[in-house]
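Chain naming follows the written order as A, B, C, D, E and F, and within any one chain the residues start at number 1.
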Amino acid sequence: MTKTLGVINSTAPYGVSNGQESLDLALASANFGQEVTLFFIDDGVFQLLKSQQPIPEQGKHYSKTFSALTFYDIDDIYVCQQSLNERSLEVSDLCIEVTALPPEQLNQQLAQLDHLMRF
Amino acid sequence: MTKTLGVINSTAPYGVSNGQESLDLALASANFGQEVTLFFIDDGVFQLLKSQQPIPEQGKHYSKTFSALTFYDIDDIYVCQQSLNERSLEVSDLCIEVTALPPEQLNQQLAQLDHLMRF
Amino acid sequence: MTLHIVSTSPFGTTLFEGVFQRCSKNDGIMLIQDGVYALNHVEVYRQLKELNLSLGIACFALEDDVVARANQVKSAGVDSELIRCISMEDFVVLTLDFKATISW
Amino acid sequence: MTLHIVSTSPFGTTLFEGVFQRCSKNDGIMLIQDGVYALNHVEVYRQLKELNLSLGIACFALEDDVVARANQVKSAGVDSELIRCISMEDFVVLTLDFKATISW
Amino acid sequence: MATFGLLVTHAPFEQQHAFTAYRFALSALALGHEIKGVFFYQAGVQNANGYQAGHSDEFNVHQAWVELSAHHGIPLNVCVTAANRRGVINAQDAKDNDQQGFNLTEPFIEVGLGDLVELSQVSDRVIQF
Amino acid sequence: MATFGLLVTHAPFEQQHAFTAYRFALSALALGHEIKGVFFYQAGVQNANGYQAGHSDEFNVHQAWVELSAHHGIPLNVCVTAANRRGVINAQDAKDNDQQGFNLTEPFIEVGLGDLVELSQVSDRVIQF
């Protein structure tokens, strides 16, 4: 029986390197044919902001890779609506298509998965 | 003109390794004849709690080293009274003699120093 | 049923707020490392109590980490029925009592 | 006169509360790295405003870090008189305008 | 009896996580459970750095993992990309990058992220530290 | 013109601090100030780890420090105790600890904490990153 995997992003980009390595894991899972569900909660929602412009020396603009998620058939991408609200953000500020859920519904999605890893 | 140094401890022991390396710096400063003032604020006050008992494999019980501070002539040790209050702690819970100050007076002490390093 | 493993101080991070938001009925909270300072945090402790009553959230603390930090000294007011101090082996067993774990 | 350099997100840590407690008259606050998210934090922003009025605390944000995070998009409501976006060279000059710095 | 996979994402010494993970592994084994593998990712790859030499009274987590693996046959898998960018390299990496030495040796093995996916498939629980 | 000492206490890649420190140094030099030295302490000692080999599109802070030192003669001092316990060792350490290689080479130099005290004495400002 295949086990399902949830990858939770809860930290902001640039300041810490969690985002890039979390994304790498999600893509690897998809590559290995394992279904993966992505969550963006708390400061993790900042990762998805449009118009990010890291200075060139900062290296890889990994947020550009988010658009690759659909090519990898990763379509289950959930964002915490309350985390957006607390940061004065809206779904339209984000660079990819996501499903924004109130906490209770997001928790229901989390509860269905076998393994949860957080970055 | 000799420059004065303040070492600020603001993180708890064990969970992160700041405390030990901060203490090492304070002792090194004293060794080199430089006056050093120690501050324990925020979660840093937890470092000074009496009766800590790390499990043996956790290695060095560095909090025992605090008693060495007086041998190094480090006597200016200030603790934030408000940080203690917020943690339901009192000066009598601490393992060494310190001066507890309200924020304003502690800030005055900070303001007198040339260099401040935080751990 | 998820076991939320919390390892950071409630005084230094806002993590507990996030964890509380993620709690569903009958989830559990396991305090390890600096997470055990929740015992000292008046507001976080109050919320743990509330979640226990409203959602049946059980709360545990790793005994070694509590003892290392001399945290038991000040936890006289802490309800040992609400927060159970458990061993590392108990922690292992606990992870099997829940469907999954999230490490915060 | 101390310049407080803050590099962590006000949403994830309680650091700003501590920094505000450490502020004396005419101190400064320099937001770098994830510290620039203070622009998005309603309560922290309110307190910055209050400290500016009551103690003359000036607040600065490193422009590169704001731009990298696309933070300017949402900061239309932010008073550019209160929080000045400055370059890395300005930051260097700023450290010399104050007697000492604390990196939080 | 159950199967466990451990995911270690923090550096040793810096923070307590690696030490907690090691003790969790010991307790799981003592209870008769099986550890399918330990996967080191993010800053956790520093656990595999064999050059660590603290004071004699400091606990050496690196050495503890090596012994755990020897006694119980537990695979110690390290994400190669995460390790290389943090200066943890094996003999082949050293050759490829013209370095005169290397700090990652067996029983630590460099693998891809697919191995973490695989570990999660064969483990009843994956616990992250 | 002023004198600066930089204290770097965070690992590169993991967090942005080392990168910010490097850019601060460049800007200070561009303004004509003097950097008396960079001191690497705590997890910051990983900046001195010469084995780092990220993807070609990742900025290599280690290499950037080396070039900064070469062009401006800035001392790069690394706390020996902090480095050794984190697996960052020089040729002599390798000999002492029977390691077959080492990852700390010049211009990075292993020193004691006394050098940080000294740096703070000769610097108008010590900025910690």
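Observations
FYI, a contact is a pair of C-beta atoms (placed from the backbone, for glycine too) under 8 Å apart; a residue touches a chain by one contact, two chains touch by 3 or more.
Given the structure is predicted, the values throughout are model-derived calculations rather than measurements.
In terms of the stated touch criterion, the partners common to subunit B and subunit F are D, E, listed by label.
Which two chains touch most often is answered by the contact tally, and the pair is E-F. Mostly identical positions are employed by subunit C and subunit D in their mutual contact, as over half of the interface residue numbers are shared between these two copies.
For the pair subunit B and subunit E, the distance between C-alpha centroids works out to 34 Å. Our note on geometry: subunit D versus subunit E, Cα centroid distance of 39 Å, whole angstroms. Subunit A and subunit C have centres, each the mean of its CA atoms, that are 26 Å apart. For subunit A, residues touching at least two other chains, in rising order: 14-17, 42, 58, 114-115, 118.
Each of the following residues of subunit F touches two or more other chains: 13-16, 23, 42, 54-55, 58, 81, 125-126, 128. In subunit D, the residues that touch at least two other chains are 7, 11-12, 33-34, 64, 100-101, 103. Inter-chain contacts, as defined above, occur between A-C, A-D, A-E, A-F, B-C, B-D, B-E, B-F, C-D, C-E, D-F, E-F. Subunit C meets subunit E in the complex at residues 5, 7, 32-34, 62, 64, 87-89, 91-93, 95-96, 100-101, 103. Contact residues of subunit B toward subunit C in the complex are 11-16, 42-43, 46, 49-55, 58, 86-89, 93. Residues of subunit A touching subunit F in their complex: 14-17, 57-60.
On subunit B, the positions that touch subunit F within their shared complex are 2-3, 5, 17-18, 21, 24-25, 28-29, 31-32, 34, 114-115, 117-119. Note for the complex: subunit E touches subunit F at residues 11, 13-14, 42-43, 46, 49-55, 58, 62, 81, 84-89, 93-94, 97, 99-103.
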